[in-house]
Amino acid sequence: MSAKARARRTNFLLDVTLFVICILLLTPLILLIANGFKTPQEMLVWPPTLFPKDPTLENFHKVFTETPLLQWMLNSFLFALLSTVAIVATSALAGYIVGKFPFRAINIIFILFLATAIIPFEVYMIPLYFQVKALGLLNSVGGLLVGYLVMSFGIFLIRQNVIASIPDELLEAARIDGAGELWIFWYVVLPLLRGPLAALAVLAFFQAWTAFAWPIIVMTRKKSFTIEVGLANFQSAYTVDLSLLSAASAAVMVPSVLAFVLLRRNFVEGIAASGMKE
Amino acid sequence: MTKSTRSRALKTAVGLLLAGTVTANAQDVVIWGGFPELTGYYERVAESLSGKYPDLNVIVEPIGLRDHEKRVALGLSSGLDDATILELIGSTANRYIVNDLIQPAPKGVSTFVNDDSNFEAFFQETAKVNGKVYGVPVFRGQGALFYNTDMLAAAGLEGPPTTMDEYDEYAAKLTQRDADGNPTVSGWSLRLSGGGGGIAEKFWINLHQYGGTLLEKDGDNYRAGYANEHGLAALKQYVDAVSGVKTVTVEMPADAAAFQREQTAMFIRESWVIGDTAKKAPDLNYKTAVLPRGSIALPVNLYVSGGSDEAQAAAWDFAIAANEPEHLIWMLDNVGWLPNRSGVDYSGVVAAKPQFGAFVDLPEDYVFFTLPSIEPINEILTRFAAHLVDAYADESLVGNDSAMLEVLKASAEETNKILNRAGILAN
Amino acid sequence: MLRRKQFWFAIMAILPTFAIFGWVRLFPIIETLRLSMHEWNLLSKNKPFVGFQNFIELFSDNQFMDALTNTAVIAFGAMAVTIPMSMVLAAIIYHRTRSRFSGFYETAVFIPHVVSLVPAAMAWKWIFDAKLGPLNAIIMGLGGDALPWLFDPVLSVICIIFLVSWQTLGYGVLIYLVGFRNLPKSVFEAAQLDGANGFQSFLYMSVPLLKPITLYVSVVTLISGFNVYAQAYVLASDTQGAPGRQVRVLVLDMLENSFQNFRVGYAAAEAVILLSIVLLLTMIQFGLLRGKGGR
């Protein structure tokens, strides 16, 4: 067998493996989407049917007419977008600094950044809530944003990528050429970080998109809900309207997948940019 | 960028930041509820007030119960901007009242609540603290037995069980088993796992039938009341069912869903199951029955806080209008929660949906109990539940009364420790 | 002189971010942790100082100890599953970058990370179901006995590890993919000329070169592992008549203590212990994965 044929066979086997893994990972979601098309009676069937016997669009109809689902998605989108911009901007610069400027003060700041990630936001959000309230920012995207301006893991992610893929020599060479520190960051470092920054954008966007504990206390009006808070509305005191909830979640998956596919293109293209460095 | 485009960009940015901001209006009344299924009811009440208050804008904002309780805590402790009607279980509201975060109801409201022809003493008491009225009673959660009539007929049983011994007898006869003797349909579905507090609450309901109580009141203080023959009888029933005669197992499907799927013959639950079953299993043949001695009742009241005096007055009017018989009948019929007001004629609803009978037509001597308004109530229930979950599945306890009593004693000691820490332990 | 200039640049550049951190993270966290020495019920105006009493009580609290053990097992379990799996999966997907399905692979692996848990949990309850679930069907097909996954104290913890790993796998793969794409290609071309095959170059070149990324993924999965709670909550809730054993985890215990038991100081003491333990573990991770570029 020629090397080429062998490579092709290996690739085929790898594709099959990946397909199987992806299908396994997607099974719970396939069931979720199927549930969106079920009647309340069929919802009760146990074990659940993977394909609805008597598919109905009733749930989707109800979700879109009885709840402001599109408004919620729009609120979430705006919040996620602004949060992403803030997080990418702060993380890019701070991540580069903590990665390439190993001064003691900077290291201490980095440890502080990381330590704040250990305590879950739900546990310490009350003092922040009182601040947002005092600023009159309840029920506004600005108030939501206060909790999502920075991300420890974002700074950490950029730091690790700076360490892994930006050689010190490159920075030294630029300094010897007389370049200013800001110039180096903007024209040398940033282009090399396109891939990691795009990945960070994905993570930041979805962190805000799926946020729950903070939006639920800051946004108390149905009109200003984010999507995840809106979804919680399908739970009554003791039961969950699972068919409606599933339909709504399935509908929400559409923009999620779209957003991921769009952002993903950016970090695939990141290869071209980072390829320049050798 | 030119100056004008920059300022336009700035304006757009500010506009975006404020998107979704809601401005308060003098005639806004917000309703914060923990029962999203009641939205339609509140909207009806609001509509009926539009003649008296043409500018009144009622905004109904329900959310799941846990999240509701959290937002009330934050909202009340930092002050509410709008006049807000808070839907709260009496024991929960008590915390805010003793901390001066909810003000007493105005005179007219208090007269309405204190009128014996409107509410029975039990419900009046839950809306009061130290004799002062703070809220208006609306509805309650209450339990009854649900049983599958086809299964009872197949087992040759007539009518529902009426004593706790009969419950055991029925459970044994109703259990369906496979060839190896493992149960496939439970005779009586019990709460054996899941989130903490509920397990202990369900245990309390059974304990109540034996004449016992989880917490004994003594003046203003409490002590654990279950490490005795009543507690033993209730625990024995559970242990026997799960680990002895095995009429139910921990792994079996449980609760309303199992009943609707015909995987259990009987279970005790609140009245919302009736509406839920009509939707999910309309062909199920079942009836309800009152419990042997009495039931838990968790009364929910409406309280008002925040906003201008004018808006507050409208909010209190709303709370009274919510008690109009026509709205209450609508609630029972369409939502399935039980209204608290006396003297309302529900016979139309009961005739159409006879299952409501066991919730509204009660024997004279039916005894209600409710969760006491004490701060550590949830902690007591959760920690007791942890002991119960282990005991239910412990086969070595079957037939060993003294060992079961030890379990109860150890747990009661823990309960008393919690009460003591909160400074409310009776000696 | 040059170093001095660099130092001041670094300080000035990090200052704005640090200021925001101070406002939205450090201040509220310190406000909260301060309460660990006090008693507060969320509403009352007085917060009496109680010294170390909360901490002393914690160490004799079975529920807390139980939560601590469960959480640690879940965090390490999820880390042990996520790191190798996401690295290998990312390597294969990276290898197949030119495949027309690469977009599908990446999306399929990532989407579980962003789906709401409550509706997805129903599928997981079915998978773990003792009588009718596919997991037990497979075990029985292999000749084993059906297991009560959601009810056994040990198995129910494993269920949570499953669920957490399902969600974090996509996160890990995404990070590793970026890492792979940023690796210098020239090194691999040289290795290929020397006759190294794909597997060898993965093991001897990619794995060491990706050390900083592995450090990142391991720290992040460990910290988020210690923060699990929604997963434990949904698997125990009784939607669809299929309850499960409530696995107590730290955050669940903290939130219950502050919002339902109204013991904010006690919950804050738990947070202090969580912070100390995880900070120590993170330091150890940094120490272990140090090395060339592994700061």
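Letters are used for the chains, namely A, B and C, taken in the order the chains are written, and counting of residues starts over at 1 for each.
Methods note: a contact is a pair of C-beta atoms (placed from the backbone, for glycine too) under 8 Å apart; a residue touches a chain by one contact, two chains touch by 3 or more.
Note that the structure is predicted; figures quoted are calculated from it, not measured.
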Touch-based graph of the chains, sorted into line, ring, star, complete or other: complete
Which of A-B and A-C has more C-beta contact pairs: A-C
Chain A-chain B separation of Cα centroids, rounded to whole Å: 37
Mean-CA-position distance for chain C and chain A (Å): 15
Multi-partner residues of chain B (at least 2 other chains): 70, 253, 256-257, 261, 263
Residue numbers of chain C (touch at least two other chains): 239-242
Per-residue multi-chain contacts in chain A, two or more chains: 44, 46, 126, 235, 239
For the chain B and chain A complex, residues of the former touching the latter: 16-22, 30, 32, 34-37, 59, 61-65, 67, 70-71, 74-75, 78, 253, 256-257, 260-261, 263, 270, 272, 276, 279-282
Chain A-touching residues of chain C, taken from the complex the two chains share: 2, 5-7, 9-11, 13-14, 16-18, 20-21, 24-29, 31-33, 89, 92-93, 95-97, 99, 101, 103-116, 118-120, 122-124, 126-127, 129, 132-133, 166, 169, 171, 174-175, 177-179, 181-186, 198, 209-213, 215-216, 219-220, 223, 226-227, 229, 239-242, 251, 254-255, 258, 267-268, 271, 274-275, 278-279, 282, 293-295
Interfacial residue positions of chain A with respect to chain C in the complex: 10-11, 14-15, 17-19, 21-23, 25-29, 31-32, 35, 44, 46-48, 90, 93-94, 97-98, 101-103, 105-106, 109, 112-120, 122-128, 131, 146-147, 149-150, 152-153, 155-157, 160-161, 163-165, 175, 181-182, 185, 195-196, 198-199, 202-203, 206, 209-210, 228, 231, 235, 239-240, 242, 245-246, 249, 252-253, 256-257, 260-261, 264, 267-268, 270-271, 274-275, 277-278
Parts of chain B lying in touch with chain C, wherever the complex brings them together: 69-70, 73, 76-77, 95-96, 99, 101, 191-196, 250-251, 253-259, 261, 263, 375-376, 378-379, 382-383, 386, 389
Residues of chain A defined as touching chain B within the complex: 40-41, 43-46, 75, 78, 82, 126, 129-130, 133, 139-142, 145, 216-217, 219-224, 229, 232-239
